[in-house]
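Heads up, the thing below is written out as structure tokens.
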Amino acid sequence: MAVFTLQQIAERIGGQVFGPTDMKITGTAEIEKASDGEITFLANPRYKHHLKTTRASAIIVDDKIGEVPEIPYIKVADAYFAFLQTVVLFHPPRELLAPGIHPTAVIHETAVLEEGVRVGAHVFIGKNVRIGRNTRIFPNCVILDNVSIGEECILYPSVSVREDCQIGHRVILHNGVVVGSDGFGFAPHEGRYVKIPQVGRVIIEDDVEIGANATIDRATLGETVIKTGAKLDNLVHIAHNVVVGEHTVIAAQTGISGSTRIGKRVMMGGQVGTVGHITIGDGAQIGAQSGVSKSVPPGEVVFGYPARPIMKTKRIEAALNQLPDLLKRVRQLEQIIETLQNSRKDQ
Amino acid sequence: MAVFTLQQIAERIGGQVFGPTDMKITGTAEIEKASDGEITFLANPRYKHHLKTTRASAIIVDDKIGEVPEIPYIKVADAYFAFLQTVVLFHPPRELLAPGIHPTAVIHETAVLEEGVRVGAHVFIGKNVRIGRNTRIFPNCVILDNVSIGEECILYPSVSVREDCQIGHRVILHNGVVVGSDGFGFAPHEGRYVKIPQVGRVIIEDDVEIGANATIDRATLGETVIKTGAKLDNLVHIAHNVVVGEHTVIAAQTGISGSTRIGKRVMMGGQVGTVGHITIGDGAQIGAQSGVSKSVPPGEVVFGYPARPIMKTKRIEAALNQLPDLLKRVRQLEQIIETLQNSRKDQ
Amino acid sequence: MAVFTLQQIAERIGGQVFGPTDMKITGTAEIEKASDGEITFLANPRYKHHLKTTRASAIIVDDKIGEVPEIPYIKVADAYFAFLQTVVLFHPPRELLAPGIHPTAVIHETAVLEEGVRVGAHVFIGKNVRIGRNTRIFPNCVILDNVSIGEECILYPSVSVREDCQIGHRVILHNGVVVGSDGFGFAPHEGRYVKIPQVGRVIIEDDVEIGANATIDRATLGETVIKTGAKLDNLVHIAHNVVVGEHTVIAAQTGISGSTRIGKRVMMGGQVGTVGHITIGDGAQIGAQSGVSKSVPPGEVVFGYPARPIMKTKRIEAALNQLPDLLKRVRQLEQIIETLQNSRKDQ
């Protein structure tokens, strides 16, 4: 197992050591779970009380935390980010895929693979495919004709990319992801459905990550686009002609219907569904399992089925708890009123 | 890029040219997006006003539209269908899979592949499999023993079909589709679950299309059936012994529980769930994300969680918006009543 | 097709024959569907009336049913379990995968495969993988470095298991299952998301079964655990650091968010979603499509969106049906009250 000194860690994360620079650290852990020899972090002053009880040997702290008399520490600008870098230091990317092209891979003679590309066993790469430097294609991936993939990408096992799709740099596609399957479009004609040709493609920009077994359909005409930095979780479904904006995050099992446009920095919970042809504004937040049936303005936080502004949904939910009781109360009121009316008649 | 004259297009779609028959057309687009050189379509008189502003060079119109003084046109019986045919004319099916059997495919000696079958790299085909004329099996598909697949089918990369399943003609299975996985059945026995043997199979009839990473479980006993012309979107789940009727359409991420029967020409939105052992009648429509807990009569339109007749759900949704306010109003009424009653006592 | 005598079946299931021991049985079926030559079962006295009409030639009955004058029968302690054993007798496990290692499989020289392991075509097995006796790896599976798999497991086609994951004995992974994909974790940093390293792993204990195209994410640090005897259906999503308890059953398309702990013998319906970092107590039951936003006590039965105790949800659902009408009734009350008040002023 790797061992680093406090000084080595501080150099890696751009911080300053307060304590013995040659202290040996053997791993990373959260502040409550850390044990002897491990380094942890503290970014939020609210959790400062853990400093007294943590068994960690050292800690990475935010500037704003101030002095830490309890244990040796490294001071940085962003302790959580520095901690993540430390985790990577202790768990460097592994050589899961051997360098070079596995002899069982089938690669068309017109495909261009730049320097450092690794291709695993039983991979298929079609005509005119281009793959950028240092991209790694794990076993059993299938890449059809005219696909372009950028540099430093990872395609985990059994990913498949249909023809003509375009993938940027540093994209990560987890196992079983499908890029470029036909959009779901059929026209009724003489009592049956006729397939609407799906002749568009998918564009995935840089720094996108897509979770296992997620599916991204090609456009009917034009393009389905997943923009820079977007992160999609497992089993997400993106229909034809959808646009997912920059740095938008979509949790597992959410489905976006055709031609819907999702803005930048949107956050969507899991199992959300949206209808087609709507717009989710920049910075909007959609609660888990919401059913979004109309466009959402930028910055709005919506939730529920159907999705409403979150405070409204919360009020309705609270009111629903009183609804069965409300029925009784109204019945009582009706009886009292009837009695009152009858007695008035008697007067 | 392909170029066709108006006359060539008219011959392909069975229409009559009004305008210069030798006009050169270079592509297809929707009426609002079309640009110079492209042909578009108009099927609905409601959109006739676009004729004045479209930049398309020509247009395919329905008989019922009447004359089109604005631009050259082709008159047909069904403009949308003719337009789809025109799209195919400009985007003919591509040769994504080389003819013949790839040498890396592993095919059992007892398998029978009819004329024109194409098999990609790293495909596995088991004992006694039969594959009909011109069917294309893309790389990394796996087809286990005794499977039968009809003519002119497409199995995109990484599809897998378990033993004994039967697939009709012109069926399209998108990447990662699983046909014939075990149904989900366990019997409690002495404090643990015992697997209920899943010894049935799946039958997929002609002209069915199934979306990427969808899963169709085999029957416990007997058959799970997807009938002629049914269309299933990505990530749909069909449990054991379900029957999906002819020309039924099911959108993405919907799940049908065991032994439920779905009629003909049903339309189901995305992320719908149904309980098992119910019947969805012919022509029923189920709104997105609905939770269907009991049978739905033929032709009924239901929506919601739980699914109710759509007008009822809409009325409840509208009423819910007033519910928090209603609580206040009832509280006021109760106070007034109390005052009235007290004042009566005083009388 | 297999044929067994009543006596042979009775010996297999540990029962006693009442009737002709040499009667020939050709198959199994449910009591209402059985035909001549088939054997069926009766476990619940409530269905005793079927004895008069069933066309089965023989029946397996529970001790508690008493005598069955109508047809030959086999008496056992647990008729349903005995029937399942009889189904297996008539449908013995098939030789779907040839013995030995297929020559197209790529297996690292450091991998250890115990006696009786079968490996299909185009499988990839990485460094230091260990696979226990008689485990079967179907075509196109991918198993990365340091994975350990127990005895008598089945990995159906196109399963992939990422590095370091550990799988117990008698585990069944259906087609397309992904074990060990990265958890979904990103930290905002300077206007973009930085990937939180996912350096944990997945542990799947003995006798687990996981449905087609389900995804089990590896832990951020530590372990995601699926405990002994748990059964997960198709397209289920298990996020990083989740623990699923012993003999828990989760139906299709359900998603469990990060770090949630699910107890023993929990039953979850399909399309359920849970938030992260909560606990579902032992023996709890969660209705289909529920949205679970807080911990559920042991043994509690919850349902709905948001999930509430099931009786509460049922009462709310019933009340909702009356809600539009309730609005009218309150409006009427308000009018009457106003009239009453006005008339009082007039007095």
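Letters A, B and C name the chains as they come in the text, with residue numbers starting at 1 for each one.
The working rule: contacts are C-beta pairs under 8 Å (C-beta built on N, C-alpha and C of every residue); 3 or more make two chains touch, one makes a residue touch a chain.
Because the structure is a prediction, the values reported are computed rather than measured.
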Checklist entry - Counting one step per pair of touching chains, how few steps separate chain A from chain C? => result 1
Next on the checklist: Can you check whether chain A and chain B touch via the same residue numbers (shared by over half) or via different ones?
Outcome noted: different
Next on the checklist: From the mean C-alpha coordinate of chain A to that of chain B, what's the distance rounded to whole Å?
Outcome noted: 26
Checklist entry - Which residue numbers or ranges of chain C touch two or more of the other chains? => result 104, 122, 140, 158, 176, 213, 235, 253, 271, 305, 320, 323, 326, 330, 333, 337, 340
Next on the checklist: Can you tell me which positions in chain A touch chain B when the two form their complex?
Outcome noted: 104, 106, 122, 124, 126, 140, 142, 144-145, 158, 160, 162-163, 176, 178, 181-182, 184, 186-187, 189, 191-197, 199, 213, 215, 217, 221, 235, 237, 239, 253, 255, 257, 271, 273, 275, 291, 305-306, 308, 312, 315-316, 318-320, 322-323, 326, 329-330, 333, 336-337, 340, 343
Item to check | Touch list for chain A against partner chain C, complex | outcome: 28-30, 78, 80-81, 84, 87-88, 91, 94, 96, 102, 104, 120-122, 138-140, 156-158, 172, 174-176, 207, 209, 211-213, 229, 231, 233-235, 247, 249, 251-253, 270-271, 288-289, 305, 317, 320-321, 323-324, 326-327, 330, 333-334, 337, 340-341, 344
